[in-house]
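You will see two complexes here that share chain A, one where it goes with chain B and one where it goes with chain C.
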Partner chain A sequence: MASGIIGASLPRLDAMAKVTGKAKYTGDYFLADMLVGKILRSPYAHARVINIETSEAEALPGVEAVLTHENVPGNIYATAGHPHSLDPERGDVADKTILTSKARFVGDEIAAVVAVDEITAARALKLIKVEYEMLEALLSTEAALREGAPLVHDERGSNIAGSAGYHVGDIDSVMQQADFIFSDEFETGIVQHCALENHVSYAYIDEDERIVIVSSTQIPHIARRIVGQALGLPWGRIRIIKPYVGGGFGGKQDVCLEPLNAAMTMAVGGRPVKLELTREEYMIGTRTRHSVKLKLKTAVSNEGKLLAIQVDAVSNTGAYASHGHSVMLAGGSKFKYLYNFDAIRYMPRTVYTNLPVAGAMRAYGSPQIAFALESHLDNIAVKLDIDPVELRLKNFNRVGYKDPNTGNQILSCGVRECVERGKELIDWDKKRQSFKEKNERGSHKKRGLGMACFSYGTGTYPAGLEVAGARIILNQDGSVQLQIGATEIGQGSDTVFAQMAAETMGIPMGMVNVVSTQDTDISPFDTGSYASRQTYITGMAIRKAAGEVKNKILEFARRISDLPADCLEIADANIILKDSGSIIMPVAAVALQSYYDRQNSEPITADISNNARVNAISFGTTFVEVEVDIKTGQIEIIEIFNVHDSGKIINRQLAEGQVHGAVSMALGYALSEELLFDNKTGKPLNNNLLDYKLPTILDTPVIGLDFIETFEPTGPYGNKALGEPPTISPAPAIRNAVFDATGVAINRIPIRPQLAFEKFKAAGLLEGGDQVVPD
Partner chain B sequence: MYLIDDYIEADSVDEAVNLLADNPERLIIAGGTDLLIKMRDGILENVQMVGIRRIEPLRKIEKDEQNVISIGAMATFNDLVRSELVQNNIPIMAEAAMTVGGPQIREMATVGGNLCNGMPSADSAPALLVLNARLKLLSKSGVRLAPLQEFYLRPGKVDLRPGELLTEILISKEDYLNFGGCYIKFAPRKAMDLAILGVAVTCRIRVTGIFDLVRIALGVAGPTPLRCEIAENFPPGKPVNDSIIAEIGRLAVKSSRARDSQRASKEFREHLVVELTQRALKSACNRAGGISYD
Partner chain C sequence: MIKKINFTVNGKKRELEINAGETLLEIIRKRLHLTGTKEGCGVGECGACTVLIDGTAINSCLYLGVWADGREIVTVEGLAKDGELSKVQKAFISEGAVQCGFCTPGFVITASALQSRGHSLTDIEVKEELAGHFCRCTGYQNIIKAVKKSLENETAGTGGDHT
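Entry: the complex of A and B
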C-alpha cells in the first residue's frame, strides 16, 4: 500500500456535485408528459375490501387511470432485497400483491390514481368509495399469538412468519451446573429510517416496449427481478436505473414502490408516471425496524465466566413479512462471535400484526439483540459486583474462534484493544469512582458511565449469496472507467471503490472515473448496498478487476517495449522498472497504443465477478457518560466514544462520517425515537418529523471515536464492516450509564423522560427532598 | 398540496381591515408557519387569504412616554430575540422567543400569529400572560383592547371576532419594571419541537428578601395557556426560601388542567409543573436580584 491512497482522508467524489445541487436525485428528473401517481391507503388496520367504486374518480378531468386489486396483476411476491434463492424452500416469504383486497395495516395500499398533477390525483383519491368489512385489529404480538386470533394472512395458516432458531451445546446441563442463573426481560421500540430522501420512483415504457423504472433504491438488480415477478413479466423486460440516492439505511433494501409504479405506467399506455411518497407516507408505508421483546437467561460461574445463554425473542414484523424472520436470524447469529458461551439456545419468533411493515434497517436485528444482551450483562455485573468492563474482558472470543453452527472463523479481532481505548478516552476508572461519591451527595442531577460491545458480520455469507461484479475500461488517455453494480446511497462507496482501483492499478485517484448510476441494462451484477458488504464484497471484485487491467497493461507494455512483464510495475501512472524505479513509459502511452496500434490494437478491459464465500467479523464498543435529571427524567449525553475494529480503514474521513451518522441514529433509538400507534385503531400517532423525535443537531453531542486497525486477511485491503456496526452498541451503553447513575435498570428503549420518570418514581427516587437548583 | 382560492396582500392596516370587513371568512396569513401546515394536511382547503407581511408598521417594537411597550403583531420571533428594547425590559420574551422552532421558523413566525393560532403550546403565550399583556384588535368599527388571558377560549380558538385584526400587544410598565422573569420550555428536543410543558414566571422582591409579587403561567397544562392564581396569591409578604418556593410549586398544580396524551401523561405533566415552577421561580428570583441561587 505504498501509494498512501488506502487509508487517506480523500474527499468524496460526489461532494461538490452534492453541495452545489448539481447531483440529480430521482425526484429531480422531469420527463415531458409526466403524470403523477398517488396511493389510496387504508384507514383501517384490518379490514376486508367488499367493494371499490371508482367511477367518480375516473370521471374527474385530469385523471388518467384508477387502479385497484381488480385491474392490476395479482401475483403474490416477496419484497425483501435479497438475492434470488434457487431453492424455493429458502426464499423470502411471498405474501404481497401490488394492491390488496384486504387491508392489513393503517396505510395499506388499496387503490391508486394516475393524474395530470398532484392536486387532481389527491382529489381523485377522495372520490374513490371503498366499502370495508371490519376485522379485529391485531396491534401487538400478544394479540396476534393468542389462541383463535384472526389471521393476518389467511393463506399462511398462522400469524407466525418464522420461528427457526439454533442451539449450541447442551444448554440444560450447563444451566444445571452453573453457580448463578440470571434472567431479564427487554423490549425495543419501533423506529424508522428517516432517510433525507423519501421513497420516490418514476416509470415509463420505452421504445422497445420495456418497462423502465428510475428509483431511489439500494438494490437495482434485485428490484428488477422482483418487479418481473410481481408483474408476471420476463425479468429482461424490466430496466431499473438508480441515480443519486439520499440515504437508505435498509428502508430501500426492499421493493416498495416499483411494482405499483410499473402498473401505473402500464395503465396509461407507457406514459411516464412519478410516484413520490410524502414524509407521512414514507414513515408508515415503507419499512420500519422490528420491535422485539426478549427474555434472556444466562448461566455464569463464580469467576464471572459466561457459560450459557438462552434467548427467547418475539419480533413484530407488522403486516407483511418483508425481510421478516431473516432479521431475527441475522441478529441472533452475530453475537456468538463476541462472547464465548459453551451453550446457546436461540428461540426467535417473528409475528405478523396489523402494524406497518418492519424490514431491513441498519444492523438488521443486532441493535435489538445487543440492547438486551449488553444491558443484561450490566445487570449481571452489578449483581456479581464486577466492573462491567472486567466481565466482558473475561469472556471475549479471540482469533481462531469458529462459529459452531457455520464454521465461519474470526481471523482478526481487536475488541480488547477497542475496550482499552474506550476506557482511556472516557477516563473510566477515575470517573466511576468520583461519580459515585458525587451522586451520593444528593443533587437531582446524577452522572454515570456506561459501555457496551458488539460483534457483527461483513456481508451475509453463509446465510446469503455474496456475489459482486466490477468492470474496468482503460480509456484512451490512461484513465479508467469503473463500473460496479454496488450502489452509492450516500455512504461513500464510490469514493472508496475509486481508492481501491487506484491503489491496485498504481494510478492516482483522479484517473478513476466511477460510474455512479446503476442501470440494470449496463451495470455489472451486484446484489446491492446492504449488510455493510460493499468495501469488503465489492472491494474483492474491484481488486480482482483492477489487478486484471494492471496485468493487461503490463503485458501490453512488454509487447511494445520488449521488457519482461514481471520486471515491470505501475506507479504514479507510469510503467516503471521494479528494481530501479526508472520510468519506461506513461500508462497513457500504453492506453493510446492499445486502441490505435495497427498491429497490437486491443483496448484493455476487465469484466469480472466475485463470489465471496467468507465473512469477516467486525468488533467495537461504545463508552458514554450521561447526566440524568432525576426530577425531569431528562438524560443528557456528556461524552460518547465509539471505538471500532473494522480492519484497515480505507478512508478515515468517510469512516468517521459513518460513525457519526450511526451514533446519531442510535441516540434517537436509545432516548427519543419511537413510532406510536393508537392502541385501539392502529392509526399512526406520530408519522411526521415533528412528533417523531429524531434528534436535532442541538440534541447531538460531539461524537468521539477511534479505530483499532487490525488487518483482516480475507478483506481485499484488510478491511471489514463499518457501515452498520456503529449503531449497535450506543443504546445499551447509554442505558447502562443511566443504570450506573441512578441504580435504576430500565429495560426498554427509548428511555424518554416519561418512561424515566415512571421508573424513577417506582424506584422511590422522587420521594422527599425539594432540593431544586435553577438551571 | 395547498388549495388556495384567493390571496390578496394588503399594503396597509386599513386595507387589511377593509378586506376583512368585506369578507370576514378571509383568513389572515402572517408568517404562515401554522396556516400552511394546516393547508398541507388538508385541514384547511379552498381558502381565501389576506397577507399582512408587507405592512411594516405592524412589525415595530417600541416604548411610549408612559413606558408602555408595544410589540407589533407581525414582529417575528427573531425580531423579539434581537430587540434591545425586549432584552432590556422584558427579557423573558426574548427567552421564550428563542425556544420556538428552529432558525428558519423564528425568521418567519410572528408573535401575533402564535397567539391567534390559539395553541396551548404557543411559547409566547405564558410569557405574555405573566406580563399581563393586552391585545389591540382593530376592525372597521374601531379598536378593542382585550387582556390576553380573556383572549383564549379553547384549543385552537381565540376571541378574534369577525373582521378583527390583531395589530399590537401592549405591556404596561407596572407589569415589567423591577421584575425578574424566566421561561422554561420542557420539550423532548432542544430545537424544532413543541413544549410538553411551558412555564413562565415573573416576580418582584422586596429588598428585605420578601416576595412582593409572583406571577406564574403555564403552557400545555390545560386546554389553553393559563395563569396559576392560587399559587400567585400565596407568596406576597412571605420570605424567599426553599420551602416557600416548594409550596408555590405545589400550589401551581391546582390551576393546571393537564391530561394524558401520547406526548406525556397527566401525572408526569403535573410533576413537571411542581418541579419546573420552582426552577423558573428560582431563576426569576436571581434575576430580580432578591436572592442568589446557584
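Entry: the complex of A and C
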C-alpha cells in the first residue's frame, strides 16, 4: 500500500456531475404518461376512521384511483431499515399498514389519490370525506404511560414499544459502598433530518409484471424486502433502484413511501406514479429523532473514579415503532466503551405517543445518551472540584477493554490524544483561568469553556447482521467496474470505495468506474448506508474483491509470460517485477488477452460477500468556547473544535466534510432546532425550514477539527466509523460551556434563548430580577 | 389561462405556451427538463431552485413563468462553456464544497452572480450573500471557501465568466 491513494484528499467522483446539474435524483426523472400520487393525512392526532366516502373524488376528471385501507393490502409490516431477522422474536416491531383505519398522529396516512397532475390530485384529496371517532390524544410519554391510557396500537396491548435493557456487575452493592452518589435529570427535543431533498419515489409495473420502484433511499435491498412483505408478494417480484440521493441522515433508512407507491401503480394498471412529499409533509410524515427523558445516578469515589451508573430513559417513538427500541439499545450500548464502570444498570423504555414517528437519525440514540452523560459528568466535576478534563482522563477505557455483555473489544483507542489535542486547540487551561476572572467582574456577557467525549461503534455487530457485497469486473482496457450494494447518499462513499479498489489493485483511481446507482436486480447484496458502516464493512468486501482481481491478473500474466506470479506486482497499472520494478506489461494488455486469447480467454471478475463479525470503536471529543448574554439568553459559539479517532483517514477532505456537517447538525440540536406541537391537538407548529430554525450560514461558526489517526486492525485500511460520530458530543460540550460561563446547569436541549433566559432569571443572575426583559 | 412567453434559457431562445399559474421552476424542470435546478421547499426558504434572471440570482419557485417573458435565464446547466467548467464550479470541486449535491446548483448560481460583480468579498459579506441557501451536509464551511476562492483575483469591472 504505497501508492498514497489512501489518505489523500482526492475530489469526489460525483462532484463534476453535481456542479453541472447533470446528477439525476429520483425527482428528476419524468416518464411518459407519469401520474402523480398524493396522500390524505389525518388532521387529528388520535381518531378512528368510521367511514370514508371517495365517490366524489373518484368522479373528478383526471383522477385515476383513490386508495383507502379498504382497497390496499392490509398486511402489517415493520418499516425499519434493518436486515431481516430469521428469528421472529428479534425482528423489528410490525405495526404499520399501507393505509390506516386509525389515525395515530396528525399527518397519518388515511387515503391516497392518483391523478394526472398535482393540482387534480390536491383537489381530489379535498373531495374525500372521512368520518372520524375522536380518541384521546397522547402527546407525551407521561400521558401514554398513565394507568388506563388508551392504546396507540390496540393489538400490541401496551403503549410500551420496548423495554429491554442490560446490566453489568452488582450495581446495588457498588452504590452502597461509594463515597458519593450524584443524580441528574435531562431531556432532549424532537428534531428532524431536513435533508435538502424531500422523500420521493416513483413506481411502475414493467413488462414482466414486476414492480419497479425508483426511490431516494439509503437501503435499496432492505426496501425490496419490506415492500414484498407489505404487499404480500414474493420479494423477487420487487425491484428497487436508487439514483443520486440528496441527503439522508437516517431518515431514508426507513421505508416510508415505497409500499404505498407500489399500491398506487398497482391501482392504475402499472402506469408510472410519482410520489413526492412536500417539505411540510416530509418534516412530520417520515421520521424524526426520538425525544428522550433521562435520569442518571452515578457512584463516584473520593478520587473521582466513576464506579457505577444507572440510566433510566424514556424515549418517545411517536405513533409507530419504526426503529423503535433499537435506538435506545444502540445508544445505551455504546458509552460503555468510553468509561470504565464496575457496574451499570441501563433501563430504557420506548413509548408510543400520538406524535410523528421517530426513527433512525445520525448517531442513533447516542446524541441523547451523550447529552445526559456528558452533562452529568460536568455537574459531578464541579461538585468534586475536579477539572472536567481530568475527571474524564481518570476514567477512560483503553485498548483491551472488553464489553462485558458482548465480548467485543477495543483494539484501537486514541481518546486521550483527542482530548489532549482538543485542550491545546482551544487553549483550555489558560482560558479557563482568565474567563473565571473576567466573568466575576460582572459583565452581562460571560465566556465559558466546555468539552464532552463519546465512543461509538462501526456497524451494528453483534446486535445486527453485517454483510456487504462488492463485485469487480476487469474491462478490456484494464479499467474496472466496481459494483457495490452500499449507497452513496452524499457522504462520499463511492469516492473512498474507488480509492480502496485502486490502492489494492495498484491502478490509478481514474481507472475505477464506480457504478453509483444501486439496482436490486444487479447490485451485490448490501444492507445499505447506516451505522457508519460502509467504509468499514463494505470497504473490507472491496479490499477482498480487489485483492482477488489483482491475484487473477497476476496469475494470468504468469500464464502468458511464464514468470512466476509471486515475483510479480502491480503498480501504476503495470505488471512489474517485484524486486527490480521493471515493467513486464501493462494491466491493459492482460485485460485484453483475458477476453480474447483463443486458448486462455477467461475475463477476470470477483464477486465477494463480506460477513463481518467485528465492531471497531471510534472515539472523539468536542471543545467549545461560548459567549453567553445573560440579558437575552443568546449563546454565541466563539470557537469549536472536534477531534476524532476514526482510525486511518481514507480521504482527508471528505472526512473533514463529514465533521463539518455533523457538527453543524449538532449545533442546531443544541441551540435552535425542535419540532413543536400544539399541546392539546398535537398539530405541528413549525414543520417548515423557516420556523424550525435550521442553522443558516450566518448561524454557523468556523468549525475547527483534527484527527488522531490510530490504526484499527479490523478495518480494511485501518479505518473505523466517522459519518455519524461528530454529531454526538457538540451539544453536551456547548451545554457544559454555558454551565462554565454562568454556573447555571441547563439540562434540556435545545437551549434556545428563551429557555436560557428563564434559567438565568430563576438562578438570580439578572440584576433587578423581574424588570429585566430580553431586548 | 394559457399565456405565450418568449425567453432565453442558457443562451437559447425559447417560445412556450404556459399556464398563467406556473412557476418558473415548474417550467424549467417539468417542461424544459433542466433538472439541475432543484426544489427543496417550493416556498422560497431553501434556495435550491435559484437561477439567474437577467444576471440576478432569484428563487425560481417564487417567480411566475409569465414574468420571465423577454428575460434571460441561466440555470446551472448553462454555466460551463464548451465543456470548460466556470471558475465557481471548479472552486466547488477543489474546495470539497459538494456533498449530497442537492443544494449545490443553487449555491453555484448565487456564487456565479457574486463573481460576475467582479470584486472580492469579506467572509461576512459572503455569508450574507449566501444566507438564502440551506445546506444540511457541509456546515457551509467548504462552500464559503469555494466562494471565496472563486472571487480571488477579482477586481472591479472585470465581469464574470458565467454569461
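Note that the second predicted complex is superposed on the first by the 767 of 775 C-alpha atoms of A that agree within 3 Å, B and C clash if a C-alpha of one lies under 4 Å from a C-alpha of the other, contacts with A are read in each partner's own complex, and residues count from 1 in each chain.
We take it that a contact is a pair of C-beta atoms (placed from the backbone, for glycine too) under 8 Å apart; a residue touches a chain by one contact, two chains touch by 3 or more.
Computed from a predicted model, the values in this text were never measured in an experiment.
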item: First, second, both or neither for A:P753, with chain B first and chain C second; value: first
item: Touched chain A residues, chain B compared with chain C; value: C
item: First, second, both or neither for A:L766, with chain B first and chain C second; value: first
item: Contacts of A:V663 with chain B and chain C, given as first, second, both or neither; value: second
item: Partner chain(s) touched by A:P11 [first = chain B, second = chain C, both, neither]; value: second
item: A:L698 touches, of chain B and chain C: first, second, both or neither?; value: both
item: Chain B versus chain C as contact partner of A:S672, first or second or both or neither; value: first
item: Which of chain B and chain C A:L690 touches, first, second, both or neither; value: both
item: Intersection of chain A interface sets (partners chain B, chain C); value: 690, 696-698
item: Residues of chain C defined as touching chain A within the complex; value: 29-30, 33-43, 45-46, 48, 75-77, 79-80, 85, 89, 92-94, 96, 98-105, 108, 127-128, 130-131, 133-144
item: Chain C contact footprint on chain A (complex, rising order); value: 9, 11-12, 14-25, 27-28, 30, 193-198, 244-247, 249, 278-279, 489-492, 653-654, 656-657, 660-665, 688-690, 694, 696-698, 700, 702-703
item: Complex interface listing, chain B residues touching chain A; value: 1, 3, 102, 182, 184, 186, 188-194, 196, 242-243, 245-246, 249, 262-265, 268, 271-272, 275-276, 278-280, 282-283, 286, 293-294
item: Chain B contact footprint on chain A (complex, rising order); value: 118-119, 122, 631-633, 672, 676, 685-686, 690-691, 693, 695-699, 752-754, 757-758, 766, 770-775
